[in-house]
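Both complexes shown next keep subunit A, but they swap its partner, so subunit B is in the first and subunit C is in the second.
Moving on, here comes the complex of A and B:
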């Protein structure tokens, strides 16, 4: 075969060295542009140093000339580019953030009946509400709104001390509430206390009818105890006072469900009547800490947790 | 050694000016070129009626997270289909390469197709190979300036249209092109177009064979699929060289008989096969990594042989075994292996697409709290139902619970049925209430039944779940 003369590319050179007589090394030269592209990457690295934060210098670093603006509490701030500022920027300016704002605007304008009949809006509120609830409410009411018996009401059931409509819930979150029940330690003697507790338990079927229940009923519905002022003649409570419905199966302060025998149940109810509810049920006001729209979102979120009215 | 002086670690690109050639493989390649360009440049303009999306047959809607390919609508969770498609493409490449060598490189690769078009432009403006070589060497003058400007301008236009067309696959083409030229298109559209304009111009206009030789990984790993039966473009050295090598045509060496009598082969050293080669190699040196199997040298040599009225096939498609005088095997373990995997991948992808559900429904229990006691003493569990309507029609679903007697279902904000807009995704809160069952298990297994009742005809989804009681 003849040597190719026209195309040097095809020819394989050796480096010209020979070891052990005949051991040679091929020289397959790199294309020249490859070298140039390497130089270009080096130049790009230098340009990068000028734009973005790069080298550590003493206690600081080269900050770069690129700037970024971001929002903090609605105020625009500008700083040299860094990943933290970029995150803050994205939290308010990203596509997702803009979409969220757009949806929040819709929620702000809609009334409660529109919201509760729009599954799309409800799904959005469940997402946003979960975050808001977790940040602001879960510390007391628990992650899922289940509350703590004796301290914080369960929001995941269908019992509402202050009313279970959306407007009621919104009102409670906006203005806060203080649960109160006077102590009856001065009013009732031990026998009367026992009778009233027996009657209260009988209202929700925890205690059978007896003479003690009859005596308790007289005290509850009469001037002797005066319980009916707040809990009503039938014991169904009064949402305007935050007075509990005693005829249902839900116990928010006295842990009746946690007790086994009637005597134990009676003991926890008696203790509650004896001491009352004072300085232990404080729901703070959220007006000023949350925006009206956020409160609206939370009202709908809490309403749908277990079943509002 | 005198060569040492010229030796260098870096090599300057030697410009290649391929001569034009006519022949069957060239015609085949032009056919494929027209077909490929037709598909690529026209596809974004093909319309396809859709209820709630742009009427574009092939549309990859990234912001909307929907990928439309004619009647098929894929979603991000169908990414496995892309995986399947890539497996099929890879296996098809292996399969074809095992049998017929670098067919993809020579006929179908976009680098080859676009380089072909750029060379056509170059030839149209600057003329045939000798004229182009002259122009390349000539000092800068008015003629050269005009011709080079025209060439580069047309290249740039082609590159731009290529980049813009690619961008049009990602948005509604007629609307996007209007926005593009009025300055209202998204930044990504300009960036993509600019980037692809640049790469097309550089790769097809300036880098050309350098891409195949130095950048392309396929060129390198295709050698792993080669064997002695693989089809390659090769020079028949026995016939071309004879016993005493090749020689130009001359008075004494004109007819085949004369040449054979003197031990001279059929190669007349016209150099045509070298001049047409787009990667600038001499096929007579044997199989080389630069060879993209484009078969233009076959056309060139055949043309010369036809002129001389000698038999064709001095440069031809053959294989190492055929050159050694044995029959080329097509069916061999490698082909069978790749073939089986290829068929399996095609079957799996087809099956997956054909049986893909028109909607999905899942039920997830809200686990905090697991259950609550209601004021009437019943127990309540809460669930989140995720519905995804994948078709471009409104669909109404009926939601029921089964195998949980005396349970009551309540959907937040809804009655017992949910209507989803075309391609809508929705999460619905479902509450299930049931009287406490007394003593016994505190876990009750049952099912949610979600039935499409309007819009599509599909079987119901039964989602097993658990009801917890104290």
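Moving on, here comes the complex of A and C:
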């Protein structure tokens, strides 16, 4: 140790310990204000023991003197303070919860045309609806409602299997839907299957006119295939049956857009006609899981994603 | 005891350090084992069936708990997102529990019945095919590998030793019939473990009717999470009483 540092440090007290003859330990006490702040926090801790639940005593515990109010089924209750009571308080009496309830009440009473013309209510629905949609719908339909081709329909375009009005959407969310198309594996022979697929693709301009298309059209519109029962003579679909519009170039199950050649496109359409749509399009029922008002919020939210009619 | 005596005697110092640092843990943990109200008294919580239990083993094996917690805390934001907060009673037969504190993915405590089996299979094989922004790894082997249930009896017996009410004796079986009904008591009977696993696998969770894959077990487990207690039976004030 150099002489100058020894001089500097001589002013500092040592703890009085000495090892190996001359190895000493300086004593640098904490600043007084810091030390007192520390003592004060210890005192506050003791005060907390009396306010909030704290030490175990026997088979119970010190419950604390603090109380808190909350509502259960509209009835006000008061109980000792604990995190669960605090949660119920936050859910029923906090400012955010009360404001939300107030708006939910307005939405519950309003009809769709009133909601659509009220910017405040629409702003509320976009905000709450985003959360509800994220928690309940986004897992299948995607965070932006874009869907998954082959599995879950796109909610952001203007193509609706079951109708795109607010009432239709509300009905679908409330009651769920089971998409169904029969399998045509027994009905069509390979040639016929090929023809019908070619005709279906021609409806949206994917396949050029040909004799095969004409043969397919006869099957589609005749008793041989009977496709027109659900898809209509013009192939524009039937919302009451959940039958897809085949003329609008929007493909939700057969991934036609993902294929390059006509043969590949035909293959995915043929596969769908061959197997039908069974046990794969199952929109769950949300009544019982969500309140009618929440479903209403979601209907408006989905409607304004882009394609509401 | 003088300061210096402790500082020069490392064995003694280690002992004293361990004593001091264990106080905090002991004070927080030990009372939970004897307090009357630690575990809420609710109906419906039962041990996992053999198939669900194997699913749980796979959940642990794949390290799902590293990203997914199974504990909904009593806060308004969690209530709104996930549903009712978790009860201690709901994980009373979990050994070890899967509460966790790391949420890279969402909490799974109430994921049961929320999505369809088909969705789970699709999502586990290729998460980004249904959730484009997901960062979860793919688990395609779950659908390829057959479930190993050769040691299911031993697994149930081991859990029975820790106090999980799987039945081995006639008496225990009768108690389970009284508590959970005959059908569930059969599924929780160690002597019928394989049969009950086969029976439940007929629900075809993995979409492969002729096989029992690891996916089958995992989806069966995911679909039961958080569904055992029927919260509509209880007044919310009831759960407040336990804390």
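In this section, the second predicted complex is superposed on the first by the 230 of 309 C-alpha atoms of A that agree within 3 Å, B and C clash if a C-alpha of one lies under 4 Å from a C-alpha of the other, contacts with A are read in each partner's own complex, and residues count from 1 in each chain.
FYI, contacts are C-beta pairs under 8 Å (C-beta built on N, C-alpha and C of every residue); 3 or more make two chains touch, one makes a residue touch a chain.
These numbers come from a predicted model, not from an experiment.
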For this session: Using the touch definition from the top, say if A:91 reaches subunit B (first), subunit C (second), both or neither.
Result: second
For this session: Could you say whether A:257 touches subunit B, subunit C, both of them, or neither, answering first, second, both or neither?
Result: first
Exercise. Touch check for A:25: first (subunit B), second (subunit C), both, or neither?
Worked result: neither
Exercise. In the superposed arrangement, does subunit B or subunit C reach more residues of subunit A?
Worked result: B
For this session: Look at A:143 in the shared chain and tell me whether it touches subunit B only, subunit C only, both, or neither; answer first, second, both or neither.
Result: both
For this session: Answer with first, second, both or neither: which of subunit B and subunit C does A:214 touch in the superposed model?
Result: neither
For this session: Considering only touches as defined above, state whether A:60 meets subunit B (first), subunit C (second), both or neither.
Result: second
For this session: Examine A:77 and indicate which partner it touches, taking first as subunit B and second as subunit C; both and neither are also allowed.
Result: second
Exercise. For subunit A, which residues lie in the overlap of the subunit B contacts and the subunit C contacts?
Worked result: 142-143
Seminar exercise, completed: Given the complex, residues on subunit A that touch subunit C span 17, 53, 56, 59-61, 70, 72-73, 77, 79, 82-88, 90-91, 94, 96-97, 131, 135, 138-140, 142-143, 148, 151-152, 280, 282, 284
For this session: State the interface residues of subunit B toward subunit A in the complex, per the touch definition above.
Result: 1, 3-4, 7-14, 63, 207, 210, 214, 237, 241, 245-246, 271, 274, 280-282, 284-285, 288, 290, 366-369, 372-377, 380, 382, 384, 410, 412-414, 418, 424, 426-429, 431
Exercise. In their complex, what parts of subunit C are in touch with subunit A?
Worked result: 3-4, 31, 34-37, 74-76, 79-81, 85, 114-116, 118-119, 122-123, 129-133, 235-237, 239-243
For this session: Enumerate the contact residues on subunit A facing subunit B in the complex.
Result: 1-2, 4, 6-10, 13, 15-16, 27, 29-35, 95, 116-120, 122-123, 126, 142-146, 154, 156-159, 245, 248-250, 257, 304-307
